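So, here come the structures, one by one.
Note that chain A is present in both complexes that follow, paired respectively with chain B and with chain C.
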Partner chain A sequence: MSFRMRLPSADYFSDLMKAVQAVVDEGTFKIDQEGMKLIAMDPAHISLVDFELSSSAAEEYVCEGELQMTVSISELMKFLKRAKKGESLTLSYDEGAKKLELTLVDATGSREKIFTLNTLETVEARSVTPRLSFDAKARVGVDAVKDAVRDSGVVSDYVKITINPDAVVFLAKGELGTVQTKLSKMGAAVYEIEADKEVWAHFSINYLDKIVKPASSLSDEVVMQLSTNKPIKLSFPIPSGRLEYLIAPRIEGA
Partner chain B sequence: MNLAEAAERIRMAIRSKEFLVIVGRMEVNYEGRASSTLGSGDRVLMIKPDGSVLIHRPTGYEPVNWQPPGSKIEVLLDDRLVIEARRVKPREILRIIFSKIYDVSSYKLRDEAEFAMYATEEDMRKAILMKPSIIEDGFKPIERERKAGDIGFIDIFGVDSAGRLVVVEIKRRNATSEDVKQLVRYVEKIEEEFGKRPRAIIVAPGVQRSAARELELYGIEFKALSPRRCAEILREGKGLERFLK
Partner chain C sequence: MAELWVEKYRPKKVSEVVGNHDSVKAFVEWMKSWELGKPSKKAVLLYGPAGVGKTSLVLAYAREHGYDVVEVNASDWRNEERMKMVVGESSLQATLDGTTKKIILVDEVDGIAGREDAGGLSALRKIIDNTRTPIALVANNPWDPRLASIRDRCLMLQFRRLRKSEVIKRLKEIALAEGIKVTDAALKKLAERSEGDLRSAINDLQAIASGRKVVDVDAVEALGERNRVREIFQALRIIFNTKSLRAARAALEGLEIDLDMVYAWLIDNVPEQIPNPEELAEAYEALAKADLFLAKASREQKWKLTRYAIPLMTGGVALARRTKPHGFVKFTFPSKIRLMQKSRAERELRHSIASKIAGKLHLSSAKAITHMLPYISFIMSRGDEYAKAMASYFEFTSSETKYLAGEGGEVEVAKVAVEKKRKRTRRTKRR
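Then we have the complex of A and B:
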């Protein structure tokens, strides 16, 4: 069985893979007529990425049946880094040969580069998007979140994220002192808050930063969903696809 | 310390296979798969009884130069003190040239402890308490470190799905016949206290052959569980899994 997908921009796919790499280094993609999907947790099982690129993102999309492809994302990134601006990308995978071919073609069609990546033994992948319910939701500018996370990192490894009906608050406490960022509902960085009450939980700054940084080059906003002492869901709206993350909270004494 | 005196001490220590630590001002040259030189500076040289050689600079956690176990060490003395660590295959020479020696110490070191890479017995106990079903379905822990008369402490004391008492003994290595005997003594103490015989389970990665017979003889059960699996359970307990049911 095989699959072939031609994307107008190699850069875009490269950014998507960077966003997946924030959670996993080795990933199993499930590919079918609808598109390619990957749901995976990091080795410490603290974060999860739920990625989908639908066939409508492709100029050309051919997939016979259902197949799985396991690749080292860092190896794939080595190839994708060679893509120049304006180059298109065609991915083609032959399940039997266990090889993924990446073809980069420049805008004028005068040069074609073909990279072949050996894929890995397929491991049975998670296929169901986890369902969790959340008590609060906020749609926020991604740069404001990125800054808030980084500012928190000055004093601590953890940040308390609070969503209340009026604001999204990031609070970090360390030996050095405290850092607080308040993004008010009235302000420009907050597009929407849906919350009846205040909810909060603590998260690792390392994980937040690893995720928010690459995702910020794909989306201008992030939807944060939260319940007290429960995982946070970060959804980055992307065209013809899905890019969502879950991060486990840090619970005192656990 | 003068160089001649130091050379004598170093030779003695190497001959008697001692762990050697030399602090001094040195230059280092390496020839082999590559070649490198490191100019004069204050560093710590360690020579281990197995022939491993490590040179540490004042900062950083990694040695700046090293030779693997099995290197042959030679000490030469003229106006400077030179230590050479040679390997034949691949041919590698690490040459350390001392202009000053601040200190030489050597030790007969003993270290037979096992490196617990995944989980300690305490971690295994935590993992079982966190997820008792890894012992068996329906197992409920009641107490940990429960006193068994005056002979010791039971790792985990609980009840099974049928309501019978269960004594659990945890080992991170294969269970020995000594472990079985110890568990039998706990069983007897619990029987004295409650008037009925509890079930007894040894939880360990495996059972030594000599102990296998005794398990059967005393009616002790065995449940395979590795420290590695316990480490995974503890890790899952901290992560997302507990929210994704």
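Then we have the complex of A and C:
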């Protein structure tokens, strides 16, 4: 079984893979008529990425049946880094040969570069996202979140994220002092808040930063969904696809 | 490729774990104590030979009680950074399902060493101190000196080789499920071969069962001998007989004994194996240099230095020996280890006494032994009310009191020494 997809921009695909790489180094894509999907957890089981690129994103999309493709994302990135601006990307994968072929063609069609990547043995892993319900939701500008996370990192490894009906608050406490960022509902950075009560949880800045940074080049806004002391869901709206993350909260008390 | 039976028939519930009932029970109780929020120790160290169900127990418990297992295997990088990133972070976070039901499983802890895993163990030690999630460590050899500080922080659960009857019973169940007929004699043979290692027994059964419906003794015997771990004697034979540095260095490969132990074997056997004094001096010189590296490696936790120690202690000795003794000289068991084994009970007793004294008097236990033990021992030996008050103050157990009071202990030794001296002085006087 094989699959072929031509994307207008190699850069865009490269950015998507960077966003996936924030969670996993090795991933199994499930590919069918609708598109390519990947759900994966990091080795520490703290974060999860739910990625989908639908066939509508492609200029050409051919897929017979359903297949799985496991690749080392960091190896794939090495190839994608060779892409120049304006180059288109064609991915083709043959399940029998276990090879992924990347073809980069420049805008004028005068140069064609072909990279072949050996794929890996598929290991069965988690393929469904946990079912969670959230008490609060906020749609926020991604740069504001990125800055808030970075600022918190000055004093601590953890940040307490609070969503209340009026604002989204990032609070970090450390030996050095505290850092607080308040994004008010009235402000320009907050597009929407849906919350009846205040909810909060603590998250690792390391994980937040790893995820928000690459995703910020793909989307201008992020939808944060949260319940008290429960995992946070970060959804980055992308055209013809899905990019969502879950991050587990820190265990309180003990 | 067909599914491995060891995976297919891995226990799915704790009750399906074969053998080692006491340790299994203790593990379940320890997990219960975590659920109640008051664990006695934050980590557990499951130790024992391969294939007896250490990892299986953890996985079975997780599966039965709906725990998420974060696994760190020997195939992963386990240096300080990775350890902190995966185990450290995971030990403080809840699961993605929003619960806290998580177990961290670090397999082959005794394999965390060498330059690839620099700092891994000390990072693990700190993680255990701060963890909010149960951590299960698995090791074949927990007595490696590098694991000392980890051991103190763990509930130690020993797993023994499984009984032949236990192995046979499990093999029978698997054969039945797979629809294979295995003769009783073949089962017995498989169990014997496995030496209590159920995993290897199941692997053997799968290997010979492929393509046949009936397994008999002949089929088992066709498997040949299992390639077991190389023994220290083999390694010594290579070191003392080879003339090449490469071969000597390779002698330690596949040896599941720590370097200090190998060193003890070498230093005790060198004089018998190398008759020529000049060559012996050369060999000792090499060993002395190796010792410097080993000492520095263990003192400063710089295990990468062992790569200088190994060629010196193996190759150095091998190349020093140019003449052979006549006939076969057998290897002797290192006296240091024999002595340590003999005095182990006493050392443990002394250690426990010292830590009690240290705790009450705010001393280090080393100081407690050198500065306090002789005096306390002297007072205790009188057996009067002061001795009793002393014992109750330090909360000594009866065996500790007895040891301090001098039954075979400190005072006895001192007495003998004094006696000897007296005799000697008398003798000189007579002259």
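A few comments on the model shown:
FYI, the second predicted complex is superposed on the first by the 249 of 254 C-alpha atoms of A that agree within 3 Å, B and C clash if a C-alpha of one lies under 4 Å from a C-alpha of the other, contacts with A are read in each partner's own complex, and residues count from 1 in each chain.
The working rule: a residue touches a chain if its C-beta (ideal position, glycine included) is under 8 Å from a C-beta of that chain, and two chains touch if they have at least 3 such contacts.
Computed from a predicted structure; not experimentally measured.
With the C-alpha superposition on chain A as described, chain C and chain B clash in the combined arrangement.
Look at A:P231: by the touch rule set out above, it reaches both chain B and chain C.
By the touch criterion defined above, A:S217 lies against neither chain B nor chain C after alignment on the C-alpha atoms of chain A. Applying the stated contact rule after C-alpha superposition, one finds that A:S2 touches neither chain B nor chain C.
By the touch criterion defined above, A:T70 reaches neither chain B nor chain C.
The larger set of touched chain A residues comes from C, when the choice is between chain B and chain C. After superposing the two complexes on chain A, the stretch of chain B that clashes with chain C is 112-120, out of 4-12, 112-120 or 184-192. Counting contacts as defined above, chain A residues 41, 44-48, 130, 132, 230-231, 246-248, 254 meet chain B in one complex and chain C in the other.
On the chain B side of its complex with chain A, the touching residues are 235-241, 243-244. Taken in their complex, chain A has these residues touching chain B: 41, 44-48, 130, 132, 230-231, 246-248, 254. Considering their complex, residues 37, 68, 70, 72, 76, 85-87, 89-90, 92-98, 100, 102, 132-133 of chain C touch chain A.
Listed in rising order, the residues of chain A touching chain C in the complex are 41, 43-48, 130, 132, 204, 206-207, 227, 229-231, 246-251, 254.
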